[in-house]
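In the two complexes that follow, chain A is the common piece, with chain B as its partner first and chain C second.
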Partner chain A sequence: MLIVVPIDLFASGVTTRTFTEMFVQMVLVVGLYLFVGNSGVISFGHVGFMCIGAYATAWLTVPPMMKQFTIKGLPEILAQAQLPFLPSVLLAGLLAAAVAVPVGLVLMRLSGIAASIATFAFLAIVNNVYSNWDAWTAGTSSIVGIPTETNIWTSWLFASAAILVAYAYSVSRFGLALRSARDEPVAAAAAGIDMVFQRTIAFVGSAFLCGVAGALYAHFLGVVNPDAFFLSVTFTALAMLILGGMSSLSGAVTGVVFVTLLISLFRTLERGVSVGDASFSLPAGSQEIAIGIAMILVLIRRPAGLIGNREFKWTRSPAKAERRHKPAI
Partner chain B sequence: MNPPRLIADRIAVSFAGLRALSDVSLELVSGAVHGLIGPNGAGKTTLVNILTGFQAPTAGNYRLDGERLNGLPPHKVRRGGIARTFQGGRLFKDLTVLENLEVAGLGLGLDRGAAEVLAEEVLEWIGIADLADELAGSLPYTDERRVGIGRALVGRPAFILMDEPAAGMSVHEAEALGRLILRIAEERHCGVLVIEHNIGLVLDICSHITVLDSGEIIEAGDPETIRRSEAVRHAYMGTQADIVSDAAVL
Partner chain C sequence: MAGLLQPLFDAISLGSIYALGALGIALIFGVMRLINFAHGHYIAFCVFALLIPSTEVVTGMLLGALPSWLIVLSVLGVGALLSIASEVVVFRRLRNANPAVLMIASFALGIVIQNVLLVSYSSRPKSVSLWPELSLPVEFFGASIPLLQVLTVLVTVVLLLGLVFFLKRTRFGLEMRAAAENFTMARMLGVRANRIILLAFGISGALAGAIALVLVSQTGTADIRMGLPIMLIAFVATVIGGMGSLQGAVFAGFLLGAISVTLQLLLPLDIRPFRDAFLYLAVIACLIWRPEGLFRAGPSSERV
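Moving on, here comes the complex of A and B:
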């Protein structure tokens, strides 16, 4: 993480922005990992929590002067609020976590695939509500005036904190219990593990981090609108997690860095490069195609992602992903 | 004080109209080893699934010390003091042996430190403490079985139900397993139900044996009764060519 120092001092504005965005995405993907990695249930819905966090921080930090015009229907206490950055971001995370409690209690009862589909429905619902709840969200138009406090330092601090939180969860009793239920749900139940409860805890914890990521992103862009937190962010976040390896924290972090580099490489190529006299550029949209192809290639070569289920530093012994099939009970 | 009892009372279950168990009753007492034998498909695993909350019976009930267990989910059955092992082991392969046992402590509501202490105690007691840091997925068959039993022993359950723990073991290994099962009953005062095809082993270690065939109890009693039973001999000869050699010891 020392790379931050030279980048901040010497690099151009573009690179600084790229890295700031990368750290914000790291908070998101690490949050997603906390649930997906430990439970084995893919979620398409976590960007919904990001959306909730982003709007929450807009309600709390946009100057009351400006809120009068864009979001007229806020209750008095929010309309007058103008909180500082840090408490606002944390409250945004807490709101996302609070929403995750009832959602989790319902969804976590479903089996793996049904739960995944239901998370997608949750994303669609959040997007719809925030697109039409004019009084609080200004509908599909943007809310402007969010203080741009997310810079490379704050985003780096939050990314580091998110990694620590996810690590602490993984080694906690809750993390171990949920991973056991991920690998052998039947045996975990026979060992006294309540899988629904464990999944719900992870769901709420990861919603908190994703809510924080949403708030950070809002403070990075300075504006929010519902479609900034929908399918394309969901796709990128899942690509990062899957490419890196969704069953390890190291994989999640690696995936974020790898995909960010890939995206900025292709963005540069889309803008065009000149070699001597000749210059060429890739058509717009190549970036998404490249991520898609990279994802397919990695999944073919390394189904468990670049990192698999190993961790960088704290491994006891390298896990063999080799699985034997056992007869059913 | 009476020793704890686990009672199955006229249990029946059907799968899509097919009767897998009908009118099955048995009683486990703490400190005693109870054998459950019968040809493949007789319904032995199904009975264990019912007693541990994995399968709801169509009729009948089961009780621990007079308290009905019907409808309890598996994790609550385990917390209530009834543990089980699986025919296929079902260890958490990516976790270490110690962590495998630790999970059972977490399931009982302990924190990691306390769960680890219990896990170590059980590994020590079984005599496999040296395996603690091995990955469960890399264990040889016999050790895998013993770890599965260890996981079920964490938290001193009143009863442990074992599904074919000796399958695939050599004669020598099966004898060692038999001694372990007797120690579980005697030293840990646990009531044991053991499903086993190795009938020699069952006759050696069990004080009471129930014989199932096609979902019905065809005989029950002490080893001597089973040894003499014409019905048992007939069931084994009639249905299962591959265990005729086992039946020969009858």
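Moving on, here comes the complex of A and C:
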């Protein structure tokens, strides 16, 4: 499962950036998997936690000199703060997790589509607040000056750590309890599993990872802006997760790699490729069209995602593969 | 009295747009459990069908050059055709996929539509003057209301009544309601699934065309992102109305329009920018209060 290899030590700058971004996305999508995959509830709200994490790290790491101009309303302790990369990223994750506790306790009482809409409402609230809370977030304008410390190595390390956390969760008793409540809610309740409590745990854990992903992304771009954490990121992340296979960690990772490769392939084609003497390039905007069509084709061919419910195994033992049967009703 | 009439009309005309959008989404959800994220892009596509494809800022009218009644018919037709085409090309092949996959497929389709528009019209908003005489105010019990708002409300009422008649009084309507209620059972009783689904897509697309006409004559601009905010609110309205319940979707659309205008009116000036946050808080409260939606009787969980 952890077949992530830092490939591109010798690659060009563009490739390095592509892969760095991919690993940051991986932290996000693995975080999303931790909740969505184990609980079966599609969440549109996790990019809200990404937004919270990104702004938290901006408050903690932008040099105080610059904060005086962009975000004037910060309290003294934050205005003077200038933490190093690692503690700031972790604190950003913790803030997102702390927000997730009350939100989760309220929202996790819902199920199915109602829960999805409620998480979307959460995303819309976060976006609305961060776009208008001028004193702390500079409104819709960007906060600049975040140290760009996310590179290929740090992002790879964080992605691996995120995968480990998600794996540890899903084999723990909490993960098992939540998946049983996903597949057979009535039987799980009869066995004494408190679904709301279990979901809240997963929600908080995945919010932590998404907050970390937001902070990493902020340190990758050096700039944060509320609209960078809204619908398009939400959809891309969900598309990665579902294309790969929603209820498998390997699927989440595969989806990220697959979509990233697809995007960079079409970006290259859009820039122009020369084959022999002839060079051809696609018109601008065709990249997204092609990606959309490719996604639809994959979904038609493999409705359960590229990986389905399976996981990559270290050893080849197909007989041990976990099988889930749908109830016959 | 006159002071209250203006916000009342604001609320009803905003609610009309939301209600039409929610209805378009609920119709399709009812028959095939698909949350159609491409719906907003249908709206944008219908708007751009009025214009000649060109990446220049100013462009001539395509469908917009026709006489008014033909504009209306052709835009509704474009919406219906686009929607039916998306069913035939994409969603029909995903008939047995789970809702999450359907949703992501519709989202991918939305990307495709949006970027087709981007390639052919560029991302800059364009000005369209469609029926400028409609923004003239009319006197109405002492308040001056833009004619367009009155017309929006009238059009919505007519469309809703027509749809009610269609659903309650015709054979297709009966089949569609049966399919929305219990799709498997309806098929067993001889409802032709594919035909009903096509019909639902057609009506839903035509509703998107109606919204497009209202929007473009209200704002006077065509923007490739213009359908999205409406789609999101309509989507929320569909859920709090009760997924698949058509009257619930319409009611919730009007309700959201009313809440939105009321908040705009009542919130103090310095927290008014946070209006949408309050709107969505209300949505969450509503979901917690009735998770199965306002118009769904009975518990949504399975009985044991």
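Here is the rule we go by: the second predicted complex is superposed on the first by the 291 of 329 C-alpha atoms of A that agree within 3 Å, B and C clash if a C-alpha of one lies under 4 Å from a C-alpha of the other, contacts with A are read in each partner's own complex, and residues count from 1 in each chain.
Basically, a contact is a pair of C-beta atoms (placed from the backbone, for glycine too) under 8 Å apart; a residue touches a chain by one contact, two chains touch by 3 or more.
No experiment lies behind these values; they were computed from the predicted model shown.
Touch check for A:V106: first (chain B), second (chain C), both, or neither?
So A:V106 only meets chain C here.
Contact-wise, after the overlay, does A:P303 reach chain B, chain C, both or neither (first, second, both, neither)?
After superposing on A, A:P303 lies in contact with chain C but is clear of chain B.
Given the touch rule stated above, what does A:I289 touch, chain B (first), chain C (second), both, or neither?
Touch partner of A:I289: chain C, not chain B.
Determine, under the contact definition given at the top, whether A:E76 touches first (chain B), second (chain C), both, or neither.
Touch status of A:E76: no partner.
So in the superposed three-chain picture, is A:V186 touching just chain B, just chain C, both, or none of them (first/second/both/neither)?
Touch status of A:V186: both partners.
Given the superposition on chain A, which partner contacts more residues in chain A: chain B or chain C?
Looking at chain B versus chain C, the one contacting more residues of chain A is C.
So, A:S172: does it touch chain B (first), chain C (second), both, or neither?
Only chain B; A:S172 stays clear of chain C.
Would you tell me the residues on chain A in contact with chain B in one complex that are also in contact with chain C in the other?
186, 329
Which residues, counting only chain C, touch chain A once they are in their complex?
Against chain A, chain C makes touches at 35, 37, 90, 93-94, 96-101, 103-105, 107-112, 114-116, 118-119, 228, 232, 235-236, 239-240, 243, 273-277, 280-281, 283-284, 287-288, 291-293, 300-302, 304.
Taking the touch rule as given, give the residues of chain A at its contact with chain C in the complex, in rising order.
42, 106-107, 109-114, 117-118, 120-122, 124-125, 128-129, 131-132, 185-186, 231, 235, 238-239, 242-243, 246, 283-286, 288-289, 291-293, 295-296, 299-300, 303-305, 329
What does chain B use to touch chain A in their complex?
So the residues of chain B in touch with chain A come to 45, 49, 52-54, 73-75, 78-79, 83-84, 86-96, 99-100, 102-104, 106-108, 110-112, 115, 133, 135, 137-138, 151-152, 154-155, 163.
Chain B touches which residues of chain A in the complex?
Its residues touching chain B are 171-173, 176-177, 179-180, 183-184, 186-195, 309, 316-317, 319-320, 322-324, 326-329.
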